[in-house]
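These are the structures in question, set out in turn.
Each of the next two complexes has chain A plus one other chain: chain B in the first, chain C in the second.
Right after this comes the complex of A and B.
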């Protein structure tokens, strides 16, 4: 049991961190949520370790005994396909004395032998051997204990994407995701054979709070300003080479505002955005398979598939497509340090030329060695430093587009048959920042529920 | 060309490359590359296995053609990219230089690098192996291909041409 929930407990009034008065046109989040280390620990305890956290994709553990290692909040986890083909998630912790059993980010292991005292576990997590057990003088009580690896409370899969929870007290994954699955489907269904994992790690870390990257992926407002250098580079490609062979995302769509956008919030804190009538659709790697998609799923769904779109699944995983598609798994380390594990999933059967274009666009924009993401990470650090201005309690950054917010679906969502809790629709020039309401409502709900349940245990 | 001479000439080029980057002499750095050069940092797949095909797998960096290198140096020069404002101070060390193959107009050179840099009041480093493919034109040796095996690939905020 965590010492914090057994001893003297500071009872926090979490309502003071989220100031939601939409009828008065006000939505603010307290800066302590970005800079208070104790609040960070409570976020781990009440949010990350008490909800569905994304672990990985089927394609990353395709063969029997394949595993990947990850974390749920602060806790080390193995996701492994057993020798029986079933996928399980255990804590990466030898039941004997605690060393991690899988020490690499991925691998294949028929069994896990703890290097410390030699206890051995199979790929289903069962304890196969306690070294020198016979001569060990173990008690009956010890013999009655399960020595198997600790399975996480819940592991569920949505069409190849695995989420897990350390507590049973969560809705089913399907209910948790709700209608945001329409976006996830829009990636999965790009090929009749679904998605494959494109190899190659390009992970990064930044000196800022985890919520910064979550917010950033739903933020179109920063594209023109922060990514001016990216826009510049793309313009120069036309000037110097006559064309941009990487066919990068056109930031002119933001300047000229010919495109439209819908923003959505869903239950359980998920946010999404969908850019419509964007130029250069034929420059997207997915365009290579567009005709086939259109015939298979119909024009409306094919349009969503090809569009720029984002789904931010609270709190741990971002599905981001600007020109091309990247998944970003968030791993909070401390109040001011975050790791981002990025990976590329692509439609199976994509023509080689489209795949190469996908990869170039991915590296160009998304990688920490690219022309956009390093500017994001630099500004997260800078915001983390600026937020130390503790005289100040609030930023003004959640008001853009607040007047356009409507309850329930917009016309586009109704047309597609999904049901968000809040919508904003209009010219892309809105570049709304008001759609963080949903994520912070969930933040508040989980923090309050976590504290209530911790206090009830005192 | 004899191997001692090749080693001398290769070493000088590698040292000059590092110096140009440390001094932020971007044109001087670009001048060391051929127009059709390639700069490739393959990514890691497991602890000791890297990708092999930049067209079908994700690289840490894959720049094909000098104009993509110039894009990076222009980005620094223009000052619109917060990632390079302020620019980190860098120090390129190149050692263990070995000429693997050489003829009168081409060489393959292996070396070890460490780039220490100072950014936001902290010290950082990237380190690994370089493999340079050099060709000789009328002005002397040029880098046709630079392949970088980067050992510490969990990137702290930014990785760019001047940090490796």
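Right after this comes the complex of A and C.
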């Protein structure tokens, strides 16, 4: 890659990493974006630490003083509901010398005491006490400093989902999400009382780049081959049906070619897909509340609610509904290591039988020993290792369905009244994997803007 | 069931896993036996919380299908295991019913992986079994396997662990 050096900054020509020539039927992403550690650091600096990153759901911090710990890019963050009920996000860093104040994944704390020198902060992040301050001989300048925990620049909530940004230079969260909220709403509105968190997280870690899991969830092409053993289990189950009515797996559309699918890209890098005309809708956990949903939100939106669908919110969070619904939070660790924090969210007030079905379907598909997700996890590592073939600069995995791509909404989107930038619609047999244009446009935009602003500061 | 019989039962059960004789292992559970591997809080109620595995009957058969499928990619190259079982205590609850508590350490390693430094995964766990006698044979009605790291990093697991 071309690079010139300005001061201490190596300038990269990021245009060379994303080869978008849609009029010629070409879209490619350079393999260095998956394997270059310096590029990973730049992604953290220019994307993750300069945009909206998902932190957590309201249900995880339901009570006053509840907190969870997470990261924005590389930076440790606490999301806490203060004793006053307000939710705040601050860096998990003692103002004095830097130790993390919360050392657990989750908890409840009225105050945070740093073990190192005993500084104490309340659940709103205010510094309550500097140990032995009186005798400390502190200067006026020190006394004039704020000792409170550093609040993140922006924290906003979309219907229970908290996002934060370390910089002010972001649009409002609502503008950032744009019309992809149609999809998010299709989960939230399944109950008039919205969602609750079903405990028992299906977290996983894989030896591969963070973009692999993001790409995977917008790819239906891998289902038949990678999840063939899951398919086998389902076929076996069909054979045994009647003897056992307890159907914890629904894989209808791997074998049902009558289904159709729409893929979408939205501004700011978000993607979505929506499987239509699925069979066996009655086996989905949400079916139990379908009638009520239909009456409340109308037939069109209820149909979207019940469908298999995915919303990938760039860069940090994936809403995935295959057999059942899982929310995945991506936490990049290094160029070839990624943690995924995965949660089961479910409509409040769901009948117990439907809830049990949901939980069992969730485990069957997603868990560390599930029948599907481990195959994805294993293949990410394998792809990361294969992509070390540095003689090669490009993969060919972004072209399937590219001929069906259209600007703006397809018929389904127009019907529903939302406005994607790009659409693909057709038979499920397309199994498109072309809808990465939007995410990588955003990747490129953020990398260039990040570099420009870093250079301007030199 | 005597202490020695309980030990032999468990040694045999985990040996079936180590030897990947999954059909025989699955048969130990009969139609009603429940196999539970919790996640996070290992005492959380599995009927209203998600687990790693909470399976019986058809769900065990689904896992067996996957285990025996040549498309179980997460198990390629195959994950070999060694189970060691210790600290066994038997609580006889009747002529036909016993509860056994035991500690286990499960070692997992991928055989013939191109990456020869593929990590050896070590999974210490506590386990709880309930056995009932059916037609003269002891069957597992309940097996709970609670990993020490249930609230932390879990590696890719074989179909049954």
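As a working rule, the second predicted complex is superposed on the first by the 433 of 458 C-alpha atoms of A that agree within 3 Å, B and C clash if a C-alpha of one lies under 4 Å from a C-alpha of the other, contacts with A are read in each partner's own complex, and residues count from 1 in each chain.
Please note the rule applied: a contact is a pair of C-beta atoms (placed from the backbone, for glycine too) under 8 Å apart; a residue touches a chain by one contact, two chains touch by 3 or more.
Because the structure is predicted, anything quoted here is derived from the model rather than measured.
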Clash or fit, chain B versus chain C on superposed chain A: clash
First, second, both or neither for A:236, with chain B first and chain C second: both
Touching partner for A:379 - first (chain B), second (chain C), both, neither: both
Chain B versus chain C as contact partner of A:90, first or second or both or neither: neither
Touching partner for A:107 - first (chain B), second (chain C), both, neither: first
Touched partner set for A:355, first chain B, second chain C, both or neither: both
Chain B and chain C contact sites that coincide on chain A, given as residue numbers: 105, 198-205, 226, 228-229, 232-233, 236-237, 240, 344, 355-356, 359-360, 362-363, 367-369, 371, 374-375, 377-379
Interfacial residue positions of chain C with respect to chain A in the complex: 37-41, 44, 47-55, 57-59, 61-63, 65-66, 69, 71-74, 76, 114-115, 151, 153-159, 161
Residue numbers on chain A that touch chain C, as the complex places them: 105, 198-205, 225-226, 228-234, 236-237, 240, 244, 246, 248-249, 344, 355-356, 359-360, 362-364, 367-369, 371, 374-375, 377-379, 385
Touching residues (chain side chain B, partner chain A) in the complex: 41-47, 51, 54-62, 65, 67, 70-71, 74-75, 78, 80-83, 120, 153-160
Parts of chain A lying in touch with chain B, wherever the complex brings them together: 104-107, 198-207, 226, 228-229, 232-233, 236-237, 240-241, 339, 344, 352, 355-356, 359-360, 362-363, 367-369, 371, 374-375, 377-379, 381-382
